[in-house]
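Each remark here refers to the structure printed beneath this line.
Chains: A, B, C, D, E and F, in written order; residue numbering restarts at 1 for each.
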Amino acid sequence: MIIQEPFYQPVANEVGVFMAAWSRRLPVMLKGPTGCGKTRFLEHMAWRLKRPLITVACHEDLTSSDLVGRFLIEGDATVWQDGPLTKAVREGAICYLDEIVEARTDTTVVIHPLTDHRRHLPIEKLGTEINAHPDFMLVISYNPGYQTVLKDLKPSTKQRFVGMNFTYPPAEVETRIVMKEAGLDESRSKALVAAADKARNLKDQGLQEVTSTRALIYAGALMVAGLESLEACTMAIINPQTDDPELSEALLEIFRTFFPER
Amino acid sequence: MIIQEPFYQPVANEVGVFMAAWSRRLPVMLKGPTGCGKTRFLEHMAWRLKRPLITVACHEDLTSSDLVGRFLIEGDATVWQDGPLTKAVREGAICYLDEIVEARTDTTVVIHPLTDHRRHLPIEKLGTEINAHPDFMLVISYNPGYQTVLKDLKPSTKQRFVGMNFTYPPAEVETRIVMKEAGLDESRSKALVAAADKARNLKDQGLQEVTSTRALIYAGALMVAGLESLEACTMAIINPQTDDPELSEALLEIFRTFFPER
Amino acid sequence: MIIQEPFYQPVANEVGVFMAAWSRRLPVMLKGPTGCGKTRFLEHMAWRLKRPLITVACHEDLTSSDLVGRFLIEGDATVWQDGPLTKAVREGAICYLDEIVEARTDTTVVIHPLTDHRRHLPIEKLGTEINAHPDFMLVISYNPGYQTVLKDLKPSTKQRFVGMNFTYPPAEVETRIVMKEAGLDESRSKALVAAADKARNLKDQGLQEVTSTRALIYAGALMVAGLESLEACTMAIINPQTDDPELSEALLEIFRTFFPER
Amino acid sequence: MIIQEPFYQPVANEVGVFMAAWSRRLPVMLKGPTGCGKTRFLEHMAWRLKRPLITVACHEDLTSSDLVGRFLIEGDATVWQDGPLTKAVREGAICYLDEIVEARTDTTVVIHPLTDHRRHLPIEKLGTEINAHPDFMLVISYNPGYQTVLKDLKPSTKQRFVGMNFTYPPAEVETRIVMKEAGLDESRSKALVAAADKARNLKDQGLQEVTSTRALIYAGALMVAGLESLEACTMAIINPQTDDPELSEALLEIFRTFFPER
Amino acid sequence: MIIQEPFYQPVANEVGVFMAAWSRRLPVMLKGPTGCGKTRFLEHMAWRLKRPLITVACHEDLTSSDLVGRFLIEGDATVWQDGPLTKAVREGAICYLDEIVEARTDTTVVIHPLTDHRRHLPIEKLGTEINAHPDFMLVISYNPGYQTVLKDLKPSTKQRFVGMNFTYPPAEVETRIVMKEAGLDESRSKALVAAADKARNLKDQGLQEVTSTRALIYAGALMVAGLESLEACTMAIINPQTDDPELSEALLEIFRTFFPER
Amino acid sequence: MIIQEPFYQPVANEVGVFMAAWSRRLPVMLKGPTGCGKTRFLEHMAWRLKRPLITVACHEDLTSSDLVGRFLIEGDATVWQDGPLTKAVREGAICYLDEIVEARTDTTVVIHPLTDHRRHLPIEKLGTEINAHPDFMLVISYNPGYQTVLKDLKPSTKQRFVGMNFTYPPAEVETRIVMKEAGLDESRSKALVAAADKARNLKDQGLQEVTSTRALIYAGALMVAGLESLEACTMAIINPQTDDPELSEALLEIFRTFFPER
């Protein structure tokens, strides 16, 4: 259970849409790039709804057993241990499967009966199935920029979810976020957001992903910690984003405009 | 055993065909896209025939052991645990292997002797085979849209089944389903079905799968929960279906015609 | 041991050839498409020779351990359990490895010493080898239509077997089989076989495998169960055979000629 | 220990060469196609030298542990069990690794120190190494026709062996082998060998491997068992060798010349 | 805890940048080629900050369990053992994941919640998550020259780190390092660094990686051990760097200029 | 500990170079083709330095656990068993990783901290690291002729070693080796070496690897055992080296010149 209100700055009607899906317990898919606030939004909603939030970061080796549970050997006995999904289904938590497309395909299959009228979870190893707690809700995230032919959610799986699109916040909102999270003054926060806006236009020139809000916060934090503005931007934004000298120079040029060297 | 009659709206003679296959205990293959009612139909038939229904959602890591059973270590003893298929074979249930093509190939082999005159299940690990209960019936599902060269049922396996083709229901039937399932009024339900009919024509323009009946029900549910019609359609139908801005716009255009913004 | 004579309708001298191979205990390879009666033939021969028949359906995950045996842990002891091949070698049964090419390659190696003058089975895990019972005989099946560059028996393995070619029975024989197995009247059985004969010519036009005798029996069974002839053919023959609308229509056209709608 | 002299018909100085290698305990590689008598030759030499012969048929899943040994759990104790290679090294047997190129690559590495001046076997799991018994000898077989880029012995491994080339025996020798092994009269044995000689010329026209001596023996055995000569050749030689109707016909044509139908 | 000051020769403001990141506990990524001093720098910083340093050299088989921990069976009990990452998170150490891109992808996922505002480590196998000690800091290294399409950090992962770029030190600094580490006189140390500078220009002509500072130290050490200068350079610098005779000769030519043979 | 002096015939200053590396305990990489004496050289050096030599022949399935150690279950206790590398590190032995490039990539990572100033071995499974014994030395071998794009040491790993290049010895030295090892007279030994010299020129015409010194010794041994010279060369040199009839004939031609048939 999240006790303190997590800071979240709404951009549009995302709270209303989530509440509508919640009222019918429809499963929700959060679509959008990393570092744009999907996790924050969900923490905020869990706090609002006063439901526990169980997050599972999915990866290539995550199997349905990791989600549902497994037998453990304890001395002479074999005891069953619920996985995070089973726990959420039993206790009525919100279960958040982050980047589920990264997990092994058996995980997709295991959530299917939880996403339609059945709302139950078959536990094949126990030979039973359990009905979801009335407050159980399933949320997944999905980053459209990363999907490939080899790794994508099946269209039929996607259609089992209500899809909410996320993107980076508008300049004014993003400035307020940088100020609050990094503890930076307004003028430099504004400059950071304005420079990021320009830098994001370089995407078509070879950057794999645009500057995230999180990177702006890191740059701000380094400034507050005493680094020169341009050095802070280089360390927190440019170096992590590209290994290419020309792209680095192009990005540096942009940030230099907003943070002229003394 | 399914106690309450599951809602199912027949479209053609599917009940008669299934009853004929059942009378001879011929194995049945349900062919058709996801979300068109195959699972519902089978729940309905199990209820009619008063037979238990055992469903196994197949996936890439599902092996024949998951279906047939395995040895578990309990203290000092090794005990055998029947898998869902063995359980169905023993008790005379209907065993439904959903999307069996996703499972590992050894599963296909294990069901072969259950699909011809032998009607027995060899359990290699026990060194025995069990004859199927007279009421045992095997049903598999198969989505023709997903099959690839790498992943397809062998023609010789398909020929072991009676094949029933499913598709989305006609407009009138689908409207009644949306009304009942989402609790939506008739006029908006009709509009949803009419818009979906148009949207389904976009398949050739890049949509991997057409709008499912389930997505229409979700959209209706969001409207009942208070969302504006177009927002509900965007969240439940358009966002889950495509990441492409142009396709999104094209779909939105269609739904806008049927749900003009106020 | 098979007690009741299994129905088998000989086509040529297949019984004589098998008896000659048996008299010298030469290993036999049954070549031919699925559903043409290979399994039935072998059940019939085992019944004639009054030898037990041990069948192993091979698949991609079947290893030599599955055939030969393995150690099981029982309490504090590790006990050896014979696999089906070892059991057959010890007891003098006919061992039938169905579609052995599907199994892992170590299985092929394990049968080699059983197919030449040595006639013994090395059990590496026990560090011993056992000489085959004088009545032991090895039979494998092989479907030439399925072999690919990646998956084929090595020529040197094939040459260790006497090869018997099977195909679908001639019309008269097949009609009698359909009548007996489906319980269908002669006229509709004849029509089914005649239609299948025409349909089998479509192979070059995209059908992966031709109509099997088994599918004809299923169609007949559905007719006996009360379905209209054309519906029965659609469900039992056409739907399982193709997902392509044009091929379906072409097949339907053929069957319509033999079963004109009332 | 092989007690009865195994029948072997020498072709050239192979016995002398093997004796020379044995006198220096040099490792030997038998090169040649399957079914040409490599195994028989080695059984014969083991009998002559009065050494036990331990044969391991290699396959894709054979690891160095299968050769060297492994720990087994017995009750509370973990006991070591020698593999066949270790047994041969300890007891001074001839160890024959049949088609070693099929095994996993770690097997090649494990035999290296046994093939040079060191003549010891490191057993990494025991943390020791054992010196080979003075009478230990290592023999491997190798079929040049099967090697591919992906699967071949490294040149540096091959150079650790004395290489003896084998091929099918000359007509006179082969006739005597067929007579003895199949129990067939001289005239039909001669005809079989003469026909095989012609058939072997078809190799360049698509046959993957030429007719083996073993297949001739099988054909002879079927004739002795009462089958007509041409039927016997079809079953034992032609059917196992090709699935191609034209090649079958070409082969049949050859055998028909030598066994004109009555 | 590192007790003795590790020798580190700063090149630019790298100490200041690291201190700024440390003051906000921002995760840091050290970018640069091998052998240029990244490990040394971090040992130096850990000594300065008086924090323990836990290093994990990542490789292809390293899984998240290796980092986080696993259950071990001890007698009748199953006991949990913390992995190095968990230990660092609990005790407030600096955890250095060297070449994390080499590890399996689940490791990347496991560090995500440690790199944003959450600063906690979910331990799925225990069903808990632990909050990082206030002094915990995460550092990874990354060699831009090695990344391929198949093996690269996801851009969204990189953006979670402050990125510090490293390269080989300027001549004067490198000379001092060689003198101190190899114990070599100044004149030969200078010659080594000057030659290396020239040799590094050969990169575009086929050398996969330029001469590292470490190789210069090794060459110096061999000189101190009594080898002739040119032989020392050949053994420590040229032989390890290329198998190509022409490139070897080109490199030798360069070193001969600086160490003319007596 | 090697008690008897192993025969080794130095070619250049290899002993001096190795002693220099040893005096600084720098890790050494022996580069060169198989069968040219690398192993012998190292046995000789270990004998000279009076250090134990621990050799590990690397292969595709060798993991870091095989080198470092693993937990074994003994009754109720789990006991740790040092691997060969750990043993060498503890006891101050010379550890020789033969063809390390064949091993799995985690092995390379595990040796890194042993090859720089740290000289320690992290044992992740024990959660500790051990400092190397002052006399510990690491030696690896590397065959440049075998490396491929898929399988090669990373340049950054190679640069951690002093690299000593080996090749086949000059004629006079090789003759003496053949005489001593095979026990052959000088004249035939000279002829063998002279023929090998010519044969090695065929490399560019399709031979994968040139004739090794070891093969010459084998040929000599077969001559001493009584085989005719040309037969001995065929068995020990030509047959193991090629399956190609034309290359065989070309090689035979060369040897016939030096060993004209009587």
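Keep this in mind: a residue touches a chain if its C-beta (ideal position, glycine included) is under 8 Å from a C-beta of that chain, and two chains touch if they have at least 3 such contacts.
Since the structure is predicted, the reported quantities are computational estimates derived from the model, not experimental observations.
Under the touch definition stated at the top, subunit D and subunit E share these contacting partners: F.
Look at the contact of subunit A with subunit B and you find different residues on each copy: under half of the numbers used there are shared. Relative to subunit C, the most remote chain by averaged C-alpha coordinates is E.
Farthest from subunit D in terms of Cα centroid separation is A.
Centre-to-centre spacing of subunit C and subunit D amounts to 30 Å, using the average Cα coordinate of each chain. Once the centre of each chain is set as its mean CA position, subunit C and subunit F turn out to be 53 Å apart. Residues of subunit C in contact with at least two other chains: 73, 76.
With the ring opened at subunit C and read toward subunit D, the chains come in the order C, D, F, E, A, B.
Across the interface of their complex, subunit B is touched by residues 13, 16-17, 19-21, 23-24, 26, 29, 31, 63-64, 71, 73, 76-78, 104-106, 108-110, 112-113, 116-117, 122, 124, 127, 144, 147, 154-156, 158-165 of subunit A. Against subunit F, in their complex, subunit E makes its touches with residues 33-35, 39, 55-62, 66, 72-76, 81-84, 87, 99, 102, 143, 146, 181, 207-209, 211-212, 214-215, 218, 221-222, 224-227, 231-232, 235-236, 238-241, 243.
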